[in-house]
């Protein structure tokens, strides 16, 4: 049983890490602010969630898991809110999204 | 009053007088009365001490001890007694003169003038009665500072320039050289007391003593040994009474007095005689005598000529001190008094001429003796005394100096005395000649816009009174030199 | 509360008074609060000096945790002297402050001004009495931060840049001290100064300790404005409100010097500092350069406060010069000058404060003929100036005398000449002011100028009085400094 | 493992540090500074300094960033390229760095249990805390009791900063009900803000009173408390936040916290002990210590929270109305 | 860890410190200077915390069964120092705001130019 949980937790952890990595690559590769924001927000929520889940599995039924749950709770609220605020601010700052010129024509 | 308290009073009285003078600043007559009263009292106080001193007692009192081993204290000894008598007596005369002079010139800030004058005199008293070198140094600096406002009394750019030089030279030499010498002496001996026979003998090598002597002689800038003499002509921007009392008597004599004190009580004559540097310094003084006299020859401004003459005469005294013989010391002490009377007379005359005719240049004085007979007669007496012709006081001091030079077989010194006598004659007698024997040319009567009331006749009576008194003193001291002579002989401890 | 609690009380009283000041709405009340606190501090300081004199070094374990586990307050004779300096200046500046501050800074800031002043006072006192290296850093920061604020309150906008510059340099200095203390702790495991001094000899020849020494020295040198780390000082003193200039000029750098003394002699020990690290030679060189250059720069200043500020840099040079001789005579001379200079500079800056109140300027060109309208103020200025130059019967003379004789006995010939000659440069710059104030014809603006109020003149003259008293009878102060120097040197010799 | 994390974090710190120096945009530099602070907080956790990590995260990454942002909003976010040659600073820096590296050569190695720091003074804290103070968190016991006076000094520093900022920038009251128009649009932010505000306060209280047993204490709690209100002010506008906690109240609280701390010290003196000797506060020394620590931590918390909030108010109130 | 590797940690910290220090003294922008100061100080904190570390130790919170704790004293010192650093930053920034209002710039070079003109 323990081995199963252990392996499972590592799968979660690694999966989370991959999501985070992808998000980071997205930040670097995407062309403009909004798309980058998109990449990071989506991947981060998922990645962080997976990492937390993995950690919870390792922690078992203890105070640590409760704390991790709380963190998860905070994360799912704050992450999107922050991204929303950022996008809103960019929009207010008259930042135009980059649009593919071929399509526009 | 016990002698100790009298000593204290002598110093404190003039230092406290400004309070009274300032309090009376709205009422000129009481204010001047206060000055006169103070000076009179001071002289009486000082005079009351001289008996004790002649009988051999040395009233002493200690006031404070700012640093361990360094006291502010007073002790009266013959040389100081002599200096104090001179300064306090001439203060009375100068006060009288000042009143006449300042009022006729409508000078501003008379209250502060009298106040600082009193402080300067107090400092001179402090120097005279100083019981140790530290006290002397304190009052030496106080004298510099209290005379600074007097030098710059006029308050214009000229005065400021002169004041700067005055302060720069006097504070500069005293702080860098004299203070260094003091600190050094103190660190070597642990004391700065004046002791008969000196405090340095046996403590330092002749080499160090030589350096110290150089520091002392040049550090005492008030003695105006070249090359630290330029402050004296610069100080001539002061009102004439200031030049008269301070820069012919109190300040400069304080300088040479300090030199004598250092020679007698810090080094000791016997010790000093063995230091080779002494002789060299004497030659410097001798050179100063001659050079200053030559410069004096070329001055057209009367006060400046007198100032250069003072430089020359001061070095007489320094030279005397450096002859390191009792006779020389006697001569030096006597010259302090004799030159004091003569030079103050000459300055009074210069001031009187300025007051009466607004003239400062010698070349403008043609025939002035006819308009101002009293003044010019007094001037003649002073000039004769400076040259050393009997029956004036100058003869006596020169006599002793010459004796001292001969005793030590210093041909150079003797030669210099003779030479400078000739030079003195060369720069003073022409003035007398011009004043009495040349016909007045354009200047006196026909100057346009000139106030005729002033031109015709003498200066204000108070001025004339003062200069007559000092001229009479110059003559009297020739016939009655006992008081100063007794004091000096007691100091040198023997008969002439 | 007993007599034995005095060491901590003198720091806690201003510290407690500061929040009270913040609460008081009325600036007058805040002023009264600060006044009472600073007078209490003075009373305690006097009692402390007397107690240290009677029973020797005082030690107070805060929280009853004995050193090195707890923080210790330690007052020996040198510390007591410093406490006295700070307390005297603090107590005399306060009565002066009310009028001056009402005139110079905005009304809504006055209450806060007193809060910051009290904090600064508390920080300086804490630095002096603490026996713990890290606690020193904390109180250093209290005093520094509050002095940045105090300086920034000056009426010109340059005050802001001056305060900012001071903040940057001060923080760099403090961080250097922190690094040094950290390295010391790393090698010894303790922060208590006495404990440090006992444990250091074992590790004294390690490179870490040498680096620690260098960092502490540089850090403290910035705080005390040792040439050439003095750049913050002229601006800060020039543009701060007059009261602040007086208070900080008289205390802050002096406390810095004291901290340096503590580190050199108590913590690192004389042998390490002077024999192994050769700090004496370096300091002497810097002190000489500082004295000469800063004095010369002072001559060319047209703002009197700036001139005094440069003169402060030079005077700090004298103090350091005394210390750099590493002899009991030298250290004691340095401490005498430390005390005297605090009193002199305090008085001079207060006099300038009086002038500023009436003129609204400290520029030389605005002071033409000022002496006729403000005779007492200018007389105080002249008296302070004479003391700065070192005229006999003033305290400046005493310190120059001791410095010169210490240099003589140490065989430093050229230094004696330098000490004496540089006082002449002092004469030049002081006399520029005197000439302008006494000899120039007053301008038209001058007619409205009146003498400063008595509440400002009295503290100024009290400081001048202290100067003159020390000049007349220095035995009290030389006694204290001699004991202080002996303790410092003696500890090093053990 | 720890060493690996440690090394990676250090490398990241270096990268961040260099980027900050090179960065021309001050806004970006500020964000990187915040990251720098967060990275060092992580490093502190790795190095077993949990209390420090919490503080660094709250203060370094939190409040400092907010202040920097507020300043940039009031000034400018572009840095002009430097005109002077950076040679002299470079030399100074290199010399200083070399001196330090020279100093490290004789240092005890990283983590060495035989280092002097682990042999003197500190073992006594670890050994005596349970008996003398009776709380498990040794950091708190040293902070609040053994070196309680340092903490008082530290509080005084914060107090000085508060008074100083207030003196420098002054305080301008903002119209009562106004809400920044920029914020009015952000409905989501407001909702989330309202949701989190009580949670943050709750967390602050936890950190405050749990400080004896785990990481935390007055400083951290105070900062978190202030952060909660800052969030509120961001979401609902400064005016509303000020109605919740008026400036005057802050002023009183700032002073009250200080006085509480000093009061505990004076009280212990009055009871016959030394300054800050908590043992005398109760019959039993250990409970006296407990009481003392709780009281002073409370004082710290109150003052820190109110100073932080006050500084924020002051900075924000400088901004023209309606500006974010 | 042994040899030079044992000092590696310190060396990186020193580089960090110098990075911040450089920003303080080389950059004319006032905000950048404050940021530099902040980095300088934070790096010093890392130095302190590094020295508190003990191999195999845990956080200094007493628990049953654990014998090795890292040194709590540097932690306490750094808690204080962090607060001090914040106080400095806050004051510095307040000054920067005032300077901007008074001079219209936060570039040191420009400020000097204006000061010269005064």
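In this document, chain identifiers A, B, C, D and E correspond to the written order of the chains, with residue numbering beginning at 1 in each.
Keep this in mind: a contact is a pair of C-beta atoms (placed from the backbone, for glycine too) under 8 Å apart; a residue touches a chain by one contact, two chains touch by 3 or more.
Here the structure is a predicted model, which means the values were calculated and not measured.
Steps from subunit A to subunit E, minimised over paths through touching chains, total 2. Taking the definition of touch as given, a chain qualifies here only if it contacts subunit B and subunit E alike; those chains are C. Least step count on the touch graph, subunit B to subunit D: 2. The chain pair with more C-beta contacts between its two chains, of C-E and A-D, is C-E.
Among the other chains, the CA centroid farthest from that of subunit E is the one of B.
Across the assembly, the mean Cα position most removed from that of subunit C is the one of A. Of all the chains shown, the one with its CA centroid nearest the global CA centroid is C.
Between the CA-based centres of subunit A and subunit C the separation comes to 57 Å, rounded to the whole angstrom. Each chain gets a centre from the mean of its Cα atoms; for subunit B and subunit C, those two points are 44 Å apart. Centre-to-centre separation between subunit D and subunit E, using Cα means, comes to 13 Å. As a whole-number value, the distance joining the C-alpha centres of subunit C and subunit D reads 31 Å. Contact of a single residue of subunit B with at least two other chains is seen at no position. In subunit D, the residues that touch at least two other chains are 100, 104-105, 107, 115, 117-118, 121-122, 125, 147, 150, 153-154, 157, 160-161, 164, 168. Taken residue by residue, subunit A touches two or more other chains at no position, since every residue touches fewer. The chain pairs satisfying the stated touch condition come to A-D, B-C, C-D, C-E, D-E.
Here subunit C touches subunit D in the complex through residues 1, 5, 8-9, 12, 15-16, 18-20, 22-23, 60-65, 68-71, 108-109, 112-113, 115-116, 119, 122-123, 126, 132, 134-135, 138-139, 141-142, 145-146, 148-149, 152-153, 179, 183, 185-191, 199, 203, 206-212, 214-215, going by the rule given at the top. Residues 134, 137-138, 141, 145, 148-149, 152, 156-158, 160-161, 163-164, 167-168, 171-172, 174-175, 178-179, 182, 185-186, 191 of subunit C touch subunit E in their complex. Listed in rising order, the residues of subunit E touching subunit D in the complex are 1-2, 6-23, 25-29, 31-32, 34-36, 38-39, 42-43, 45-46, 49-63, 68-80, 82-91, 93-98, 100, 106-107, 109.
Residues of subunit D touching subunit E in their complex: 3, 6-7, 10-11, 13-14, 17-18, 20-21, 26, 29-30, 33, 36-37, 40, 43-44, 47-52, 55-56, 59-60, 63-64, 67-68, 70-72, 74-76, 79-80, 82-84, 86, 89-90, 92-94, 96-97, 100-101, 104-105, 107, 109-113, 115, 117-118, 121-122, 125-126, 129-130, 136-139, 142-143, 147, 150-151, 153-154, 157-158, 160-161, 164-165, 168-169, 213-215, 219, 304, 311, 314-315, 318. The residues of subunit D lying in touch with subunit A in their complex are 182, 185-186, 188-189, 192, 195-196, 324.
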